Each structure stands twice: as C-alpha cells, then as structure tokens.
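Next come two complexes, and both contain chain A; in the first it sits with chain B, in the second with chain C.
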Partner chain A sequence: MRRLRALEPLAWTGPAVVLIALVVLWPVVEMIRSSFLKINRRGVEQGFYGFANYDKLFDEKDFAEIMVRSVIWVVAVVALTVLVSLALAQLFNQRFPGRRVARWALIAPWAASVLMTAIIFKWMLDPEVGVINQIRLKLGLIDALGGASADQLGDASTAMPWLVFVAVFVSVPFTTYALLAGLATIPADVYEAAKMDGASRLRTYWSITLPLLRPALTVAALINVMNVFNSFPIIWAMTHGQPGYSTATSTILMFILKGSNIGESAAMSVVNFGMVLVLTVIFLKVSRWNKEVA
Partner chain B sequence: MRIKLAGGAALGVAAMLVLSSCGSGSGGSGSSGDQKASDGGQVTLKMVAADYGDGPGKPNSGETFWKGVVDEFQAANPNIKVEVQVINWNDIDKQVATMVQNGQVPDILQTGDYSGFAKDDMLYKVEEVLSPNVSGDMLQKFAEYGKVDGTAYGIPFVSSARALFYNKELFAKAGISEPPKTWDELKADAEKLKKAGVSQPFGLPLGQEEAQGESFLWMLGNGGGYKDASGKWAINSPQNIETFTYLKGLVNAGLTTPNPGTKDRKTVWEDFGAGKVGMVNGGPMSIPIFDAAGLKDKYGVAPIPGKSGPLDTTLGVMDWIMAFNKNGHAAEIKKFFDFFYTGSAAQKISDTYKLLPVTNGGIQKLSSDEKLKPFLDALPNASFYPFQDPKWADVNPEIKQTIGGAVKDDPAKVLGELQKTADAG
Partner chain C sequence: MAVTTAPPATSHQHARPRPPGRRAMPRLKTTLVAAAAYVIAFVFVFPYLVMLITAMRPQSSLREATLLPSAWDLSSLTGFWSSGLAGNLMVTLKVAAGSTILVLLVALPAAYYSARHDFRGRTAFLILVLVTQMFQPTAMVVGIYREFFHFGMVDSIWSLILVNGGFNLAFAVWILNAYFSSIPRELEEAAFIDGNGRFGAMFRITLPLAMPGVITALIFTFIAAWNEFVVALTLATTPVNQPLTVALNSFIGQYQVDWQSLFAGSVIATIPVIILFALIERKVVGGLTAGSIK
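Let's turn to the complex of A and B:
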C-alpha cells in the first residue's frame, strides 16, 4: 500500500510526460532522423544518406548570409521589443484615466493572427494603393504611386526595417504584459525605503525596478528569442524572403527547401534547433553575468 | 531571487523545446493505409486534387466542383465511393509527399506533375485505367508528354496557354493603335504609356509565385528557353542573357512593375484589373480576374511580342491526373476516369475555371468562345517546361526565388548561378 502511494505522483505527472514525449521529443527525433535520410521529392525514402544533406545545405550559395541575417533579425527584434515593452509596461503600471481601455487595446496585435497582421501591412505598403504610400505621397516624400520609390518591400534595404517593425509590433503585447506582471510583484515598501533614502527617480528605476524585474525580463526575452528565431509568417507573407534570398532567415530557407528536398530541409531544421539552443545558452549566460555585476 | 530566476529559466527552456519543435519535423513511417474495403463489394477510392477555385467556401471551390462530379458518379456506380481531398496549389506537393512518406498513398492524384511518381513505379499505366476511346481523343502532343520511357503514366487533365493582354482604354489614351509585335515596339509603346501617366506600362511578375512562367515567355521571344534544341540545360545561353538585358533596360527606365523580382503574378494581374497596368502576359485563367475587377470588354488579347516578331509558340501548362497502384483499385479507377472524361465533368471544369480542355472533342466545343480562341489556337504549338527532367525539381524553386535578380543585378551572373544548379550532381 505504501509502495503504491509512492507511485501516486506518477499518475499526476505521467500524462504530461507522455504528452511531452509524444509532441515534443518524438518529432525532434524524427526531424534528426530525416536529416540523415535520402528522401526524394515525392516523399519516398531512399535509405541512409550520411551527412550529404548537411553538405548540400552548407554549400548553398546564400547559406552563410542567411544565418548571419537570422541572428541580426533575432537581436534587432528582441532588443527593440524589450526596450519598447519596458517603457510601455512602466506607462501601463501608472494609474491614469482610460488605463483599462489602453490595456485592452494593447492586446489587439497579440490577439490578431500574425499572418493576418503581416498581410495587412503588406497591403498598407502596396506601391499602387497602399495607405502608407498614399500618406507619403501627400507628405511629398514620394513623387508618384506605383514606382520603385513607393515599393519599400521590393528592396532589402527598405524591406528589412519594415519586417522588423511588424515583428516588434506583434511581440510587444506579450512582452509588455509579462513585464507588467513583473512590476506588480515588486513590493511598495522597497520604493518607500528608496524614497526615504532620497534616491532619484532614475536611480530608483535602475537599482530597484530593473533588478527586481529581471526574472520576468529574462523569461520574456528568452521566449521572444525563440519565437522570433522561428518566426515564419511575417517574412513569408510580406516578401517570401525576396528579392533573391536577401530578406530570408533560416526558417524561410527551411520552408523553401521543403519543396525540393525534404532531407536538406530537415537538416536546416536541425541546424535551426541547434542555433536556438546556442542562443539560449548564450542568453542565459549573459543575463547571469549581469546579475553578478549588479 | 535565485530561485525565481532558475524557475524562469526552466520555464523558458521548456517553452523553447515546445516552440522549436514546431519546425520541420516530418511525419514518421506510419502503418500503410490499405483502403481495400471489401465488405459488400463496396470500394472507397481516395482522391487528392488541387484547387482551381478561390479556396474553401467560395462558390467555385474545388470541394464544390468535385462534390458535384462525385455525387453524379456515385449515383451511377453505387458500389464505388469516392472521397476527394482538395488541397491548394501551394501545399499540395508538400502534403502529398508527406502522405507518401507515411504510406498513406491516395488512389487518384490530380496535380501539376506525374513523372516522379512514374519513375518510382507507383503509378498504373494509362492503358490500365483509361478506355482506349478516351485516350484516343486526347491531343496527341499532350499525351506524348504523359510518357516516361515510352510508356504512358500521366493523363492530361486540363491545360492553359499564355497571350498578351492589353488595356484598350490606356492604349487609346496614349495614342497607340495596335498591340506591339516586337520588343522595340513594346518599348516604344511602354514609353508612350508612361508619358500618359500609366504607372506600370508593362506588368512584369518575376516574384516567387510564377517567375518561371514569365521568364520562359520572354526567353521564347528570343529563340531561347531553359534547354537548347539538343535537350541540354541552357539557362545562361547568350539569347537568354540578351533577353534579360533587354528586360533590365525596361525595368531601369521605370517601364515595368517596380522590383519585378518581388512581385507575384496575382498582384500584377490585380493591378491590371484595376487599370494601373498597360500590358501583361496572362492566360485564360486571368479572364475571370480581369472581368471581376470591372475591366470587362476594355482589354484585348494578342500574341506575345518577341524580339523580331510575335511568338509562334507560347507557354503551355498541363496538369495531370494519375492513378496509384498501391491499393489495387484499377477497375474502379477506370470507371471513374472514363466517367470524368466522357461525361459533362471535363467540360464543366473548363467552363468554371476557364481552363483549356485536353481532348479534341473538348476543344471543338469551346472554339466558339471569342476570348478563349487565341489560347485554343496557340495550344497545338505550345512549348512546355522541361518538367520531365528530374533536375527541374531543383531548378524550378531556385528560378522562382532568384531569377528576378537578373533584371536588377548582372543577368549573366544570375542566370549562370541557375545554370550551375541545373548542371550540379
């Protein structure tokens, strides 16, 4: 009877463990397995292929460029998201008339499907009829609609900032709410003590708010790093990674490869998986290092 | 603090595992789905088909079309049940590949290519699943393309051809009396249109959706193509480089869609429908789009201009239907195919989607349609993608992604890279 009791926790954790094994571990194993198989375009497995899929992937002309762009993409989007969210969280933590409405409104970009948001931005940037270009025309920023100057998504140098903007736009709500929750956990007496000691506002923020916010900040940023690295719909809907591969990240390349070579695509997924692990470890290292200094 | 941080990190790592596993895990090798439902002689045919309509829920969706066909067929053949799964064009090849990998092969597949499956010995021969009187009525040239090593596996399903659409109102406004026949005329007309305030004199979609089609039409205009006469890949032939240099000139002069390498066919056709584009290459399938946009009767159709004269050929595209041999339903499939081609279904698909028929009988029935006539006339002499070459599967996605660079950067270099892809391995 006692032994049975000892097993009781298993009944509670078991289903979760099985679920994780089924929907997380098994696909990972399958993904890695596929990356070592020769699979033709029709999906017929043609045996073990060694590292040939990886060789082909690393030989892709644009591979290095795409990997570098992926990292820049993640860093840019996450950094901007966190900065904007820190400010917004601070704002929404204040009491002001209409705060409830403002908080609700912030949810909108989060609640809407990312794909939908991306398509709407693509439409707004349409060179012929996009509302953003209509405004730019009225402001005299462009001479005419329909030409190259109105086609910001047509060139990587102007498309990339827009892609980053949309990615930040959809990431900010979640991050803000995570930070807002973090702010709510900071006890008021700490601030009172700071006030008594005569700390300035900036000093209070830097020495009290930020350190106490770090757990929430770490989790929010970490989830964003992984989310943004694997982000697909924004870039796909707005540029297909074009012109050429000049706005593509590794996730976009993975999808394009899927159409011609599933094995190589799986290899790309494995590399992606590894990248996320590496980025995560680096990130955790960095945030802990910060803590020791502070 | 420390505990909180560790908790946060653990949560983060768990979330990471979940998120990153949303990548490209491919399905495993599940058990084979042998659909032989032998109870009571009832047989279920599983069919996968591409959607020619505007998607689920639209009146012209593939589901609606096939339901009509299947209902009629099942009424006449109570022992055979047909289950149709309609998949959109962007996903169908990937999804079918997943089905094959999982051992869940359909009985019938209708999509853009058959040749790979034939090489994998997965298909019935045409003679096993189609009556001679039906296969005899197929356009000979089309049926030829359905053969691998002399044996027919692919059955032509529908076809389409391309021609030049021009906006008559914009042409009148720019003082142009007739559509261009040569590249020089095309450029001159485009300049006139530009002066008359048309933002995109020539609509040039070289983006992901169908860059391989638009490019091919231009290559044909200079006696080029993806392959040379001897069947060798010739993507960076001097003719093709000259073609893209000419196009680059148009682009730089602002006479085309801006940044063609990022523009999809659909967008450019919509712009043409909205009266923003002077000329564009299109097919029968673009007629409903232009008509719906309110351009009905305001556009003309002409042969596509070439370097020194109008093309005597055009891009023909054929879609295929095929029967898989895994589940052993040849007799039932034959009944269904014969029903499809001899009944009203094949005719209905042409009417609904403005796709061209593949049978002599079908072409005769449509020959009175004024708008379709230029395309029907072009069909017998059409040129096709080299889709039977296994390399096409590697080259095609690469063309879609990068060939637009040939009108932006150095044409010889961009085409040279594509040639390398075709020659590799």
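Let's turn to the complex of A and C:
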C-alpha cells in the first residue's frame, strides 16, 4: 500500500513527462547524434562521421555571411519590435472611445498563421499589381509598375527590410499586449507622486514607467528572441532565402540542407541551438534579469 | 441610438462659449490619440482585408492594379469546399483537435497534482515544463524528422498530433497549474467531507472553478496546432496528408499561382482563429509571462 502511494505522483504527472521526453527531448538528442553521423540521401545511417558534417557546413561558401545575417536579423527585429511596442502600449493605454475595438484589431496578426501573413505581404509586394506598389506609385516612389524598382523582393537590399518589417509586424501584437499588461500593474499613486514633485512627462516615463515595466519588457523581449531566431515561414514564403542565399538565415540554410545532406543539416541545427542559448544568456546578462525578477 | 443620448458637444459649446485653453486641450488630445490608434488598428488589419478582397476578385481582374475589383466573385470562397483544399482543411482540423485532446488528457492531471500536492521531484517537474516552453519545434525539426523516421511515422497524422501536443503541453500545464493553485484547498476538502469522493470533489468543485484556465489552454493549443507550418512541412510529405498551411504554401512555387483559391483558403482558415483568440487574449498574455513575473 505504501509502495502504491509512492507511485501516485507518477500516475498523475507521468504522461506529461513521457510526452515531453518523446517529443521535445528525444529530438534534441537525435539531432546532436545525427550531426556526427554519415547519413545518405534516403536517411540510412552509414556510420560515425566525426566532425565531417561540421567541417562541411563551415566550408559552405555563404556560411559566415548567413550567420552574421541571422544575428543582425534577430537584433534588428527584436529591437524594432520593442521600440514600436513601447510606443503602441503607451498609446493604447490612453482612454479614448472605441479603445476596445482598436485593441482587438491588434490581435489579427498574432492569431493568424505567420505563414499566411507572409504570403499576403508577398502578394501585396507583387511587382505588377501589389497594393504596396500601387501606393508607392501614387507617392511617386516608383515610376511604373512591373519594373525592377517595383520588384522589392527580387533584390536583397530591398527584400531584407521588408522581411524585417513583416517579422516586426507579427511580433508587435504580443509584445504590445504584454507591455499593456505590465502598464496595468503600475499603481496610479506612483504617477500622482511624480506629478506632485513636478516631474515632466518625459522624466516620469524614463524614471518611473520604464523601470517598472522592465520585468514585462524582459520577458516579452526574451520570448521574441527565441521566436525571431527560429522564425522560418516569413523568409521561406516571401523569398525562400533567394536570390542565391542573400536573404537566408541559419534556419533557412538548415531547411535547404535537409533536402541534400541531413547530417550537415543536423550540424546546422546544433550550431543554431548553441546560438539561441548564447543569445539568451547575453540578453539575460545585459538586462540583469536575475536581479530584477526574484 | 444616438438620439437619446446627450446633445453633441459642439452645440453645448456654442450655447456657453468659454475661452479656448486648458479645458479644451484634453478633448483635442483624446481626438488625436483616438485618431492615431484607429490608423494603427487599420494598418494591422489591412493585410487581412487585402486577403479577403483578393479572395473575392473575379479571375479576370486578378492582374488589375486596383485597390478594389470592379466586380465581385464569391466562387473561390464557395468553391473551396469542393476543391482539394477542403481535404487539407480536414487534416488541419484533425491535427488541431487531436493535439487539443491530447494536451487536455495529459496536462490536466499533471497540473492538478503538481498544484495540490508536494511530492519528490515536483520542482524538477515544473522546471522541466518551464524549459520546454523555451523550446521551438523549428530549431529541432531535423531531430523530429529523424525520430519519426526511426518509428516509421513520417507522413502520419499521429506524428503531427504528438508533436503539436508535446510542444504546447508546457503552456497548458503552466496556466492550469496557476489556476488550480489559486483555488482554495478548503473548498475541495469541504466537498470531500460532504460525501463526494476525492474525484467527485475534483470534478464538481475544482474543475468548474478552473474552467477559464482550461478553456484558455485548449484554445491556445488548438490555434497553435491549427497554424503550425514547419513541422508539417517536414513530416507530411504526400499532398493529401498535408494540413492547409503546407498545401497553401505549395501554391506559391507553382508557375501560375491561383491567388484567389490561395486567399479563399487563408480567409476560411484565419477568421475562426481570430475570433477564438479574441476570447482568450487577456489570459494568454498572463500565461506566457506568468513564469517570470511575480
């Protein structure tokens, strides 16, 4: 009977542990293992391969460029997302008629599939009939539809900013909502006190709102770092990493390699994994998360 | 409706003029804030309006560079149900429903037990759940593919259900745990003493009180599985086994993209999700950031 009681927690939490182990932990182990194996195109293992997959990966012509681009991608998207969201949270925190409806509109990009949002933007950027190009034509930014200047996704220098824009567009809603939740926890009397002391608006925001918003900001930014680094559908649907590898990030490279050499692709995944870990640690260090939240 | 409310503000001002200045300022500010918020709200729903409009464009006016079509055609939306895409929508529905049920069955007991009982390994279990929440399937897609390749489960709907269930389990356990913890133990004990068994007390008292959390966890899992793309792109290899996201993405590679059908599918897949999400938005923010903000 006592034996049975000891097994009780296992009965309740066991299935969850098994599912996590099977679906989340096993693939991590499998991924690392595969990166050291020689695997043929049909997926059959052909023995230990040492670091050959890694050597091959590092020798890829565009590897260094892709890694640098991945880091810039994450930093740019997360930084812009945070800045835009801080402004939007401030705006949507004001009282005005129809606030609820306006806030609801923000939900759309968050709830909708990122892939579908990316496809719509690809369509809106269509060189001949895209809405964005129609607007650019009206604004005099381009001379005619259909030309090279209208083909924004055809060249890395114009495609990259659009990819960043879409990534920010889909990340802002969650971030704004998280910051709005953070703003709601700041008691009104703190602001009263600041007003009594004659603090200016900007000063109040900088010395009171921002520090008190820090926990929400940190968590939201952290979730964004993970999401953006692994963000795949946007680039995949809009440019496929092309032309060449000029808009590819490491996740795109991983997926392209998967079709030709799964061992090398696994090596890319492991490197990717390490990068996320490093970025996360740096981020937590920089934002001194541990000190603030405990 | 407006007739019965107070007379418009302008007539009031005319009746009793007062010098412009301090009293008028807040009204101007509110107007500006509201205007800015409405513009931003419009920007965020704009792509989805384009999606809807394109789905209703007649084939002949697809390549017209106009904001609105000269004629409307609903045949893409109505024809969706008899197209092959309806089958893909069914796959999406099965995967989303299957994952949701799996999460419910696995997360509910684990969250309940870890909220109500102190047992050896409880902290380890909760840390495991928290760490899992940080994992992204995209980063591990190679490992996931290798694992299911071993099991011979590539191209099976069950593998998609398992993966989606596994990766959304953490959020569900986390939010349910918080809900169960907030329900006083005494309520359950009172019901227990009143002659309900332990399970009776749980089902009659605790579970109904935790319903908002349960619903949030279920809708969240459902939407995540519904929108999932990368794992499905990797595992579902034959067209009939592909969820809608993967099927729609394969449109893009084709020489002649059938944008109306593509967007008709997107509209049908997106609208229910946005509505469902609007129901749980507040609790999702709390749930995603709950692990870190105290």
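Simple rule for what comes next: the second predicted complex is superposed on the first by the 268 of 294 C-alpha atoms of A that agree within 3 Å, B and C clash if a C-alpha of one lies under 4 Å from a C-alpha of the other, contacts with A are read in each partner's own complex, and residues count from 1 in each chain.
Going forward, a contact is a pair of C-beta atoms (placed from the backbone, for glycine too) under 8 Å apart; a residue touches a chain by one contact, two chains touch by 3 or more.
Values in this document were obtained by computation on a predicted structure and should not be read as measured data.
Student: After the alignment on chain A, I want to confirm one thing: do chain B and chain C clash, or do they fit together?
Tutor: Overlaying the two structures gives a clash between chain B and chain C.
Student: In the superposed arrangement, which partner chain does A:Q94 touch: chain B (first), chain C (second), both, or neither?
Tutor: So A:Q94 only meets chain C here.
Student: Check whether A:L284 is in contact with chain B, with chain C, with both or with neither, and answer first, second, both or neither.
Tutor: first
Student: Where does A:N40 make contact in the superposed view: on chain B (first), on chain C (second), on both, or on neither?
Tutor: first
Student: Quick one: name whichever of chain B and chain C touches more residues of chain A.
Tutor: For chain A, the partner with the higher number of touched residues is C.
Student: I'd like to know which partner A:S200 touches here: chain B for first, chain C for second, both or neither.
Tutor: Once the two structures are laid over each other on A, A:S200 reaches no partner at all.
Student: Once the structures are superposed on A, label A:G241 by its partner contacts, choosing first (chain B), second (chain C), both or neither.
Tutor: first
Student: Which partner chains sit in contact with A:S269 here, chain B, chain C, both or neither? Use first/second/both/neither.
Tutor: Both partners.
Student: Contacts for A:I256 in the overlay, against chain B (first) and chain C (second): which applies, first, second, both or neither?
Tutor: first
Student: First (chain B), second (chain C), both or neither: which does A:L153 touch?
Tutor: After superposing on A, A:L153 lies in contact with chain B but is clear of chain C.
Student: I need the one stretch of chain C that runs into chain B once the two models are overlaid. Options are 128-136, 182-190, 200-208 or 218-226.
Tutor: Clashes with chain B appear only in stretch 128-136.
Student: Both chain B and chain C contact which residues of chain A?
Tutor: 20, 23-24, 26-28, 30-31, 34, 43, 128-129, 145, 215-216, 218-219, 222-223, 226-227, 229-230, 251, 254-255, 258, 262, 265-266, 268-269, 272-273, 276, 280
Student: So in the complex, which bits of chain B are touching chain A?
Tutor: 1, 4-5, 7-9, 11-13, 15-29, 93-94, 96-101, 116-117, 120, 122, 199-200, 207-208, 254, 258-259, 261-263, 267, 271, 274, 276, 393-394, 396-397, 401-402, 404-405, 408, 417
Student: Please output the residues of chain C touching chain A within their complex, sorted ascending.
Tutor: Where chain C meets chain A, its residues are 30, 33-34, 36-38, 40-42, 44-45, 47-48, 50-51, 54, 62-67, 102, 105-107, 109-110, 112-114, 117, 119-122, 125, 128-129, 132, 134-136, 138-147, 149-150, 162-163, 165-167, 169-170, 173, 223, 226-227, 229-230, 234, 245, 248-249, 252, 259, 262-263, 266, 269-270, 273-274, 276-278, 281-282, 285-286, 288-289, 291-294.
Student: Would you pull the chain A residues touching chain B in the complex into a rising list?
Tutor: 20, 23-24, 26-28, 30-31, 34, 39-45, 61, 126-129, 144-148, 150-151, 153-155, 214-216, 218-219, 222-223, 226-227, 229-230, 239-245, 251, 254-256, 258-262, 265-266, 268-269, 272-273, 276-277, 280, 284, 288, 291
Student: Which stretch or stretches of chain A touch chain C in the complex?
Tutor: On the chain A side, the touching residues are 8-9, 11-13, 15-17, 19-20, 22-24, 26-32, 34, 43, 88, 91-92, 94-99, 101-117, 119-124, 128-129, 131, 133-134, 145, 169, 173-174, 177-178, 180-182, 215-216, 218-220, 222-223, 226-227, 229-233, 236-237, 251, 254-255, 258, 262, 265-266, 268-269, 272-273, 276, 280, 293.
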